[in-house]
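Submitted below is the structure of interest, expressed as structure tokens.
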Amino acid sequence: MTRYFEVLQSDGAARIGEMILKRKIQTPSIIDVSYFRDPENPIVDAGSLWNISPEDADANVKDLRTSTGDDTLIILPHQAIPPVILHENSDVNEMMPEDSGAYGCLYRGWTSDNIDLYIMEAAGAFDNNAKKFFEKIVEIRNTIPFDTALYAPAIALPENVAMLAYLGIDLMDSTKTILASYRDLYLTSEGMQYLDRLSEFPCRCSACNGADISDIVSMAGPDRQEFLKQHNLNVLEAEMAYVRERIREETLREYIEGQCRARPWLTALLRLSDRECSYAESNTQVVRSVEMIANTSESLTRPEVVRFADRVVDRYAPPLADVLVILPCSAKKPYSISPSHQQFIRALGKHRKYVNELILTSPLGIVPRELEIAYPAAHYDISVTGQWSADEFEWVSSRLYSYLCSNDYGSVVAHVDGPYRKICETVAQKLGIRIICTSNGNATSKESLSNLKGTVSSLLKDESVTGIKKTEEMLRSIADFQFGKGAGKMLLPDGAVIKGPYPKYQIYVDKSQVATLVPQYGMLALTLKGADLILPSNSYIVTIDDFIPRGSILSPGVIKADTRIRPMDEVIVQGPRIIGVGRALMGGKQMTQSTRGIAVDLRHVRKY
Amino acid sequence: MTMKDLNKIVLDIRERQRIKPSANDRPAASWIGKDLVDGEIIDSLTIIFRTSGCYWGCAGGCTMCGYVYDSAAESPDDDDIHSQLEHALKKASDLEKMVVKIFTSGSFLDENEISRKSRENILLRLKEDDRIAKVIVETRPEFVTDQTMDDCMDLIAGKPFEIAVGLETSSDKIRSESINKGFSFRDFVRASEIAKVRGITTKAYLLLKPPFISEGMAVNDIIRSVNDIYPYADTVSINLCNVQKGTLVEMLWERKQFRPPWLWSIVEILHRTKSAHPDIVIMSDPVGAGSQRGPHNCKICSRDVADAVRNFSLTQDIRVLESVSCECRYLWEKIIELDDYTYGAPITV
Amino acid sequence: MTRYFEVLQSDGAARIGEMILKRKIQTPSIIDVSYFRDPENPIVDAGSLWNISPEDADANVKDLRTSTGDDTLIILPHQAIPPVILHENSDVNEMMPEDSGAYGCLYRGWTSDNIDLYIMEAAGAFDNNAKKFFEKIVEIRNTIPFDTALYAPAIALPENVAMLAYLGIDLMDSTKTILASYRDLYLTSEGMQYLDRLSEFPCRCSACNGADISDIVSMAGPDRQEFLKQHNLNVLEAEMAYVRERIREETLREYIEGQCRARPWLTALLRLSDRECSYAESNTQVVRSVEMIANTSESLTRPEVVRFADRVVDRYAPPLADVLVILPCSAKKPYSISPSHQQFIRALGKHRKYVNELILTSPLGIVPRELEIAYPAAHYDISVTGQWSADEFEWVSSRLYSYLCSNDYGSVVAHVDGPYRKICETVAQKLGIRIICTSNGNATSKESLSNLKGTVSSLLKDESVTGIKKTEEMLRSIADFQFGKGAGKMLLPDGAVIKGPYPKYQIYVDKSQVATLVPQYGMLALTLKGADLILPSNSYIVTIDDFIPRGSILSPGVIKADTRIRPMDEVIVQGPRIIGVGRALMGGKQMTQSTRGIAVDLRHVRKY
Amino acid sequence: MTMKDLNKIVLDIRERQRIKPSANDRPAASWIGKDLVDGEIIDSLTIIFRTSGCYWGCAGGCTMCGYVYDSAAESPDDDDIHSQLEHALKKASDLEKMVVKIFTSGSFLDENEISRKSRENILLRLKEDDRIAKVIVETRPEFVTDQTMDDCMDLIAGKPFEIAVGLETSSDKIRSESINKGFSFRDFVRASEIAKVRGITTKAYLLLKPPFISEGMAVNDIIRSVNDIYPYADTVSINLCNVQKGTLVEMLWERKQFRPPWLWSIVEILHRTKSAHPDIVIMSDPVGAGSQRGPHNCKICSRDVADAVRNFSLTQDIRVLESVSCECRYLWEKIIELDDYTYGAPITV
């Protein structure tokens, strides 16, 4: 809980925030600790207990508060120790402030309502130690409220601020960057180099632009160091601003997948974060307004991909069919509008309503036809070279394997070539089942297509029964995918009417509209009537206090929220006197933890 | 963090070390040097007796102290101590006048280290040698009692005698929670007063930059300490924390969580304290200067600056401190400014 | 062949060069085509044949040459067409210049001695088409001489210049960057964004520094576009300069492994380049003065890694032993000085001289103990997370598999855990052999070590025979690795004496020194006596003309050179009247193709 | 690249297209518009006859021309042609005065497309209608012979008659190696002279921005062409290359290797040519303007600028060209500057 910090936007664990102090600070941000002594600075340090007695420290805090006002953040007196030393979580308790105003303190395992900023003790000592650093961040972030700021001192460099922000650090400082300048180090967002090892300035910052390298090298110490400090701070600030822009754009992940190669420990942090996927996933938006670029081996483990794969297992139930047709992905998306899939669909023809279709793809693994429009199935781009890596092969195989384990088919037809086919064969062998391959090496050749048609036709036992209602099942699947298994049947009971051309579907039940499919995201937007229908599932509900909201629900008004809710999820808002539908702007957990910020952007509301 | 925690950690480290077997009839070390006595530079003989070791160190002890590993596996007997003394004195056979400085890596006055008998033997032997102008013995303050002081004065019989105490800092907080020293400033003051009434002088060792303390706080701590001990110490000797094997400091240093002090820090301290207190002797021997484990500046200037510190210690002339300069001083100034706000991760460049 | 261009330094296909024109141009470089009309510019264009008649074009060239002098590069009249249109390689032949001076022309499949610069026709049209672009570059580079410049027009953007340079493009232009400015696009080295989508400037270049974004957005068109042009050109120039610095540092590969994630097609280019490994490998130095950072899945396919693995197969023959001991890699290198390997070595004790040791590692696959000091075995760093990717697993397995296929052992002992052990088990199963595992989950535990000792001891049949002379065999292996199989026996015949502490070995034969092991690179430096010994192998020889060289051999003096020679290779120089030894600064092929530049840095030379 | 190569490529593309079946008794298209005749704006009836198609186009033909796909699967007979004419004329039943413009997607004077009999029928029918002030027929120049011209003049009997020829450019190089037009500038001049001596006027169609030609070169080519044809053409109509289905231009455009001309280019051309030659009529109808396949500027201004071009064509008043402006003009200026040096990859933004 916090009064002087607000999270404005999230992108996974990263966020854009604001420290609402006498001078506002947009976070993630770089601060200069040399101003911590200056009472004019928005953040001041009340001193080290190594240096002053607790009584003096206490007086210090009181004096500072009196002289600076509430909107200066006072870092409470601290007695910091390096991580080698274990410590009890006791000794700072007595320094808890009783009065109002903004306070920060070392993180020592406890939290308090009066604290807006926690300091990751000895963060700088974790440099290069990915495992410990990551564990510490997760521990802290999972303990302190969502809307408190986290400061990692003495670790930021242009090369690592992107990763620090990605992991959820809000404040960093210029300490290491300034010191590098006094060591004749020239920094870039990719690393550092001794000034005298450079042949030219690889930079056009306000310091470097037009500067001659040999002039600079031959300058006297203080002048040279001042030049380097200007350049290095320019690079640090520019990188930090760039990171903020990527968070606002919701593409920080794409950026760090490349930038983290600057140092092995940064790459290790990315991998560790993916392995502990829930940390980033729990606040990763369910849809983004941008394409998902899957360009590295780590793209296979990014939260969006893992979540999609998990939901296919946990939330998706294919409509009943005896035959499964496995198809390759296409560059154009959703797949069914691509030229190749148009041909597959034509080839399946009237048989199509008796089969399930499953698309194999990297990085998503498997995409059931019904979910091809759900984010990110219709929203990703990859590098195409025609070859699959072992990791892609293994990942897609494992997805197909688990799908076939939990879904029984009389026959499985694989209309795929190359690595796709090899995946099918590997999985078939592992499962001891037969998969019928219908492509001759070119899935869209006439021969292959007629083979597909003939094979499927011969496999179908009884076409006299009613086939699958493809559109209805697609919408049910999307509802399940969004709200959990069963929601589809609730939102589209038998007799529901679907209007509109693909994919702009509207769902009507008893002549009232219950939902619309938003093609851009592949998500259903509910009407109030739709909310009524799925309310009994008790899913994706945000419970608010007794008030009549208009437009948006602020987080302090949230009493309870489904912890499965992620930013951008469609949610049902329920209060003693209202029901509403809207789009979540925070995760469910964050809504209940936060004292600031918009929790839900409300679309419709109805009073009882 | 409580003192008990810290001692536990230090003890754990201690228990992982192997103590090398060594001969009990040789001192742990002994050497000839120069020292400033009553404004005069004379030769000095330093003897570090090998004993059963510092009782405090054996139970855990100080976070920066690795001398405990110099102790003997089995306690040397009185004959061994005698041999050690003779062995050391042989090195001084060519000297005409000297001061003798006795250390045990513990306390000379702790009878568990040096028995009463050996203490008597040693002091008598030193008294009898006319070349010896002064005797200095190191001890923890708890062994400075009316009894021990009277005994010593009886034995040394009029020869200038000094007790040297590793006070480290006048801050009880730092001494307790960073150094784990196990005694208070009051203990030191008491010892000094017991000595003073008998005409025994006191030398205080201070420690520049114990663990957890920023460079700037460390400098201020020493300056404050010198002010605090001014009434109680005749000589102040500032040790620059170096990284000794088998210590908590080493463990921190290996993980880049400790950096030995900058030589600029001692230059600054000497300059400021000597200017403030021209009448006391303030000295510092920057042991291991220039190495990564010792106090150091940059590679270019460490040797020169260390020489200046040694030179000042002998001359007490602050002008020698003003004669050294290097570009790395700007870096040090910046570190002084920033190291207070690293919140547990000291700047180790 | 060229008179107005020189390659100064190479890093794979990338290189630092210089266009020696009236104004020198350091390449890779950005040029501004709007000056191509200006006779004062170092590069001028003689016009399009779409526009002027061949006769006028011819006259144009002659006039330009007369008015500008020889050190202006004239781009010959051209009739460029887009790639969709096939074309014969005929129509520009008639425009060949007869006089002196610098010329450039469209690449049309032929080369001429008078051409210093080739233009990749319609390069801009290949944007986003990784396969065709890469194939075109390889075709051109494999046709035109090494020391001619290659210009790819109208394709450069800050986001792709690193990859263009990596692939061997020397000249690029500002065309696309300038045009982006007029389209309100704000460029970065990671991509682009519309100006009005930015919240702040993520840059501190001379244009952006201090600029207020809302002021800029509300500027009139020409002012806004001018601002954007300044920023965009700053970014482009800075990125180009940074790329030059990375080439000079020999770390461009590390940079692009991250930076290429900016766009899928750039990543595809990296992967295509690795698949066609010989293109980059043929000019990749054998040792670098920097650590090799292996931080991405593509690190497994980088030229240095593939070359190492190939040489282990092609050039390495283990000393005869009945038992193979497989060990895990260590962070400290060379492995044998690491604490864990010290323990393994102690455990093997006196038995060690009867076994072969093989270290499993990512990304190198397998490292025989004898080669642990060779580049990059002792010179790489990776991200450590404790888990292996499927690609690493597959790669290392394939290396172990092929090693065990070509080397027979009575017993194979694997003293490894975790993924290493799984690899051994997988390979053993595939080969149908038994591998004895001696580690209990912690290879350095007392139990494991004693297990290793006991197992090896019990497996050895007859220890009475002479064991392997480890140092001798290590040096022989390194010689083989460097100069080809058999060189080791020639350089270290039986009776050779080895002096010096590990690893600073000196080899003496008949009391004369024949070679020194240079620990920094893990390479042997030959003496003239050493050269005499391996001369009969006819390997790594540079044949020069009849002159007495001093210090260095310039490429025009090279008559013939072993095409296996790579930059930084130890070579033997042979001429009619001399023999010498030195270090190659170019590849063997490049030496014979180039008319400028130092081919060999000579260390010793002897006249006959 | 030889012409044969280019024709081969165009022919390959042609052969991949399907021609849609269509009714032979309806024209391919016909519509009512406005046209400038002798300084007066009058209504116009345009008829595009469906015929067996352009002989040149059927054998490969022009790189930008997709009209060949308007041709009939089976040749329409004379009755069909008659029906087509009547169908079109019905649209003009309300008009009081008009000019009639006849196209065939090939050459009206090619007897394989329009038989002599049909030609006679058509011209006679038009002659008889007093509302028709002028007749314009399009043809390749090889069909403009003394014989055909005499025939036409006989039939039309004094009514103003004009031949329209798709010269495209005065550059034989571009016409041959970019457009693959198959006749030379001399062929056009000859046709024009044959017409002129009979009082028949000539209209020349020029093509702004054929493939492979940069934006700047394209502008200059048209300006040069207007100068070159000035003595031979009474009217100049500048077609802005658009991307027609089944053409080489489309193939290039799909691969981002062709961009239709900027509307600023035609504005510039009209302004400069009209200023230089105020006495000839220079017109341009920017068909498909604003779409990606047609000539376009940015999304904001394309409609207004296209309107200005049309307005100018009717008024010949260059002030209407000066009335339009947009920020994208700076981009166009930059493209003019840079597009000459892209060496085969035209700027397609």
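Going by the order they are written in, the chains are A, B, C and D; count residues from 1 in each one.
The rule is short, and it goes like this: a contact is a pair of C-beta atoms (placed from the backbone, for glycine too) under 8 Å apart; a residue touches a chain by one contact, two chains touch by 3 or more.
Since the structure is predicted, the reported quantities are computational estimates derived from the model, not experimental observations.
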{"item": "Centre distance in Å when chain A and chain C are each reduced to the mean of their C-alpha atoms", "value": "36"}
{"item": "Distance from chain B to chain A - Cα centre to Cα centre, in angstrom", "value": "56"}
{"item": "Arrangement of touching chains [line / ring / star / complete / other]", "value": "line"}
{"item": "Chains touching one another, given as label pairs in label order", "value": "A-B, A-C, C-D"}
{"item": "Residues of chain B defined as touching chain A within the complex", "value": "1-2, 5-6, 9, 173-174, 177-178, 211-214, 217, 220-221, 248, 251-252, 255-258, 327-328, 330-331, 334-335, 337-338, 340-347, 349"}
{"item": "Complex contacts: residues of chain C adjacent to chain D", "value": "33-34, 36, 45, 48-51, 53, 78-88, 91, 106, 119-127, 153-155, 173, 175, 178-179, 182-183, 221-222, 225"}
{"item": "Chain C-facing residues of chain A, complex", "value": "130-131, 188, 190, 193, 197-206, 209-210, 234-235, 237-239, 241-245, 248-249, 254-255, 257-262, 264-265, 267-268, 271-272, 275, 293, 295-297, 381-385, 387, 389-391, 393-395"}
